[in-house]
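By written order: A, B, C and D. Residues from 1 in each chain.
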Amino acid sequence: MDKNILDFEKPIMELESKIEELKETVSSFQTDFSREIELLEKKLNREKRALYSNISPWYKVLMQREVQRPRASDYINSLIRNKTELFGDRIYGDDLALIAGIGKFRNYDVVFLGQEKGKDTKERLERNFGLMHPEGYRKALRIMKLAEKFKKPVITFVDTQGAHPGVDAEERGQAFAIAENLAEMSALETPIICVVIGEGGSGGALGIGVADKILMLENAIYSVCLPETCSEILWRAHITPPESAVALKLTAEELHEFGIVDEIIKEPLEGAHRDIETAIQRVGRAVKKNLDVLVKLEIDDLVEQRYQKYRNIGEFIDENYE
Amino acid sequence: MARNTVNIEGSFNCPECGKSIDDEELLKNYKVCPFCNYHNPVGAQERISMLLDPGTFIEYDPVLNTSDPLNFPLYKERIKKDQKSTGLVDAVITGKGELNGIPLVIGITDYRFRMGSMGSVLGEKITRCMEKAIEENLPVIIFSSSGGGARMQEGMLSLMQMAKTSASSKKLRKARILYINVLSFKSFAGVMASFAGLGHIIIAEPGTQIGFTGERGRSSISQELPEGFQTAKFMVERGMIDMIVERNEMKSVLADLLDFFS
Amino acid sequence: MARNTVNIEGSFNCPECGKSIDDEELLKNYKVCPFCNYHNPVGAQERISMLLDPGTFIEYDPVLNTSDPLNFPLYKERIKKDQKSTGLVDAVITGKGELNGIPLVIGITDYRFRMGSMGSVLGEKITRCMEKAIEENLPVIIFSSSGGGARMQEGMLSLMQMAKTSASSKKLRKARILYINVLSFKSFAGVMASFAGLGHIIIAEPGTQIGFTGERGRSSISQELPEGFQTAKFMVERGMIDMIVERNEMKSVLADLLDFFS
Amino acid sequence: MDKNILDFEKPIMELESKIEELKETVSSFQTDFSREIELLEKKLNREKRALYSNISPWYKVLMQREVQRPRASDYINSLIRNKTELFGDRIYGDDLALIAGIGKFRNYDVVFLGQEKGKDTKERLERNFGLMHPEGYRKALRIMKLAEKFKKPVITFVDTQGAHPGVDAEERGQAFAIAENLAEMSALETPIICVVIGEGGSGGALGIGVADKILMLENAIYSVCLPETCSEILWRAHITPPESAVALKLTAEELHEFGIVDEIIKEPLEGAHRDIETAIQRVGRAVKKNLDVLVKLEIDDLVEQRYQKYRNIGEFIDENYE
């Protein structure tokens, strides 16, 4: 678990282990220390709550990258029963950066899509670290069209630094593939729920992220660009990546305030990766709750509401009206 | 790459072949170098005067301005600077006009303003002009000169403009309204991966650079670049672009297309 | 490649690993070699008994027979020979049945009969069974084991069966009726390039060879073949096939799909 | 022109040139030979009509291959005004074996598609001898979908030995691309006219050949496979390619009798290549005549008629009904 600890947690982790050591030490005494230990643990928990409810944007970024967070496959494997994975775009190739398929979620037949970064080095390479190629976006679209045809809701799990930036992706029309997905998802005649579970990175994330409801894990991030890229562009202003992470407003809370994220899913106290099962069940409950509402809508209303949702995102000064 | 536009008194040095061209002659030649056919970038206002019938243009939403919603470092200053140097309020002009007598809705993104990147204002104006086109049943032509994609300084609000403008592009499609994209100079990232890549017909001017990931993004991955990578010609061969049209033929080609699909 | 089916008394030599397998055991194992997992080709009648609930199958058009419309050299003789050796009238059986209690329309092309190639009879039977499926609102599963494509001996009438069966496949799509293709042993040319390539879901058995141009056609162009060229695995990686399913899991996978898309 | 002469024409060509020589010779005489010459020429023409109206299937095959026939580009350039060529499938590439675009045909706005073999060695290589790759079929489909959306009729010119049989075409799903075209063309909601102008070869031709009306030049051929391939398969029966060409019934007349070809377009006496302008104008007239009828139909009726047209192709014995 060591490599799963981020800098900001180190003091509290140390305190926790000191209290553990203390407990062990005092257990050999006749005197009862339980009251004192209890007080200490209460204090520890208060500190923890304060700490973990105020993780800086930059540490949230690092948490998605440096820590063994639950990935799309964890959510899919746990939440979807009778799962059948489907492969390929029927045009050029299959893209393992995207897991796609059909199965049962609670009482629903659903189509699922998930960007998968991979768990170990071998899988990360196979899955290209979750960076999708054009064939991945086209595979997603093919399978979403199947969902539309057979009126099955779509659940997507977003977790990618962005679309693959290589020469081959350019040659096969990365921009055009993403654009098509945005257009088609905006009018897909079936409910779509998107869950941002880790790192939502730019157009590459958005390529499977247009939805009726966007749910986001408390510590997940979603950004127009990497904080490092932002700092690079603003280098003359001497703005560091942690400062960029603040400036970009990439946390679930900020995005909820902007009306971009519809619902924040609380993580377990120390983060989804410290209690994966709880995190997954919370995601499951949030998805179900939203799905229960969406499936009751007339398709035309659903699609029009989705259009209006995006139509209304944006902030500007219109002097004609002010 | 060259960002030059005509602003040196009297004459202009072609950034491609280095030859000196008389300002007036350059303008008469649609800002295309008569020596090497280099297509100099064109500002939004210039594009309108090159393309539309004189006196027909009515601008939509001319005063829509950014509110700096993220209160982003240096953003206001840079916006003011670009506003001053270009005479634009943001990186796009939209409106209604006529081309050879054919009424249409037009939008033009301008590279000189924050590299033509898309924030809330650009996204809103593109979507509004598409919605107007549906209301009035007019064809839409959007010119894109956007090296920047989603505008970083408006964060996720910018990224969501990709979804918003793609959604209104899809509305055009559903309404069977002709939608043409013309890519000029540069078209990358969030602009290319949304409304600029969704036209029924996609045209590029010669030499235009087209793609998703620009030079900066690619630097992280070291790869040998194929010849002519991300040029208009390259993208036609890769099947992404319908055709390359010289700027001095643009008006007549667009007129033919508007006529055909009307 | 191996065309063997079980017909040697008592035991069978696997064409892939050469090992000898008891007939009865081979059949119990769905004709899959227990040593090397080689999927032996399966006849149409065998497929029905492996897949459908016993006693539920009702055959469509059992007597549709070729009229040898081109009066083609040797055609009648070869048809008679294949009819005798397979017990089939032509290279396909179609009908209605139940799989785990779910009613469906099924079609199975048989490699043993003129390599599973498509003439007027095969095309007509496929189209009729799809039309029946639309009438009765039943899902359709078509198994293809067709090394031959459009059947040469019926000339252009065969080629046009590609258009005809594709047209009825499209009717299925428009009617939102689930259409599943299962490719087994071989699926090439005119069959692969029409109804067998148009399912909502396309499944292949392990080791199936899949493509447009078979060995014969390719011989004119000498090229180094990539590893595993035209195998099921290769085609999944190339994005053309949804998944590979082992024969002993076929029934349960199909049941899941039928259940999901119902 | 020499290389444009096929074996079967040699005797008549020789006779014709002999008569020409004779005419020159007698012109120096005072005696009037005009009556005799006229009789000879009449005889020659009668012989020609007999010869050219009975070209063997195999010579028709050779005529499409060995002779400078007018190609798709000739018909397109001559019949379509205000032509704008469109490129690319928006997915992978552009295929120069297929010319595609929009323009005016008579008083119609049309979308055109043509398989182009190329005129000289350089162009033939560029155009891959008219053998299309999957991206060509997908380009065709993209542009036909545009025709459907804007309700423009589609005219296709078929002239190919077949789809490209190479490894790269297999890798990108040649069979799947062709199948999609067949399915989509069968239900495309706009009129489609297909003209077989040269060599219609198997599924590769059919991939742009599903239409409301199939017109075919008198000497063009359309075959399920190359006669050579047929002979190879039937080698044990000692059937030569010329015999295969007979057996396959690949001529316009035979296909008209089968109900596959709707209309035969008469070629100029010695073939389309001996009077290209006339051939093109006849094609133009035939296309116009058919288009005039098709555009008057309700789209639903048009599509249903197209379905029934293909539905009814096939000959078999149905003992239940006979």
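Rule of thumb we're sticking to: contacts are C-beta pairs under 8 Å (C-beta built on N, C-alpha and C of every residue); 3 or more make two chains touch, one makes a residue touch a chain.
These numbers come from a predicted model, not from an experiment.
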Steps needed, at fewest, to go from chain A to chain D via touching chains: 1
Chain pair with more C-beta contacts, A-C versus C-D: C-D
Centroid spacing, where centroids are CA-atom means, of chain A and chain B in whole angstrom: 33
Intercentroid distance (Cα basis), chain D paired with chain B, Å: 43
Two or more partner chains touched - positions in chain C: 173, 238-240
Residue list for chain D, restricted to those that touch at least two other chains: 90-92, 172-173, 176
Chain-level touch network, classified as line, ring, star, complete or other: other
Interchain contacts (touch definition) - all pairs: A-B, A-C, A-D, B-D, C-D
Complex interface listing, chain A residues touching chain C: 82, 84-94, 102-103, 109, 135, 139, 146, 149-150, 152
Residue numbers on chain B that touch chain A, as the complex places them: 61, 63-67, 69-70, 72-74, 120-121, 123-124, 127, 149-152, 154-164, 166-171, 173-174, 188-190, 192-198, 210-213, 216-218, 220-221, 223-226, 229-230, 238-240
Sites on chain A touched by chain D in the complex: 90-92, 134, 138, 172-173, 176
Touching residues (chain side chain A, partner chain B) in the complex: 163, 165-167, 169-176, 178-180, 182-184, 186-187, 202-203, 206-207, 209-210, 222-225, 229-230, 232-234, 237, 239, 247-250, 255, 258, 260, 306-307, 310-311, 313-320
Parts of chain C lying in touch with chain A, wherever the complex brings them together: 173, 176, 178, 200-201, 236-243, 253, 256-257, 259-261
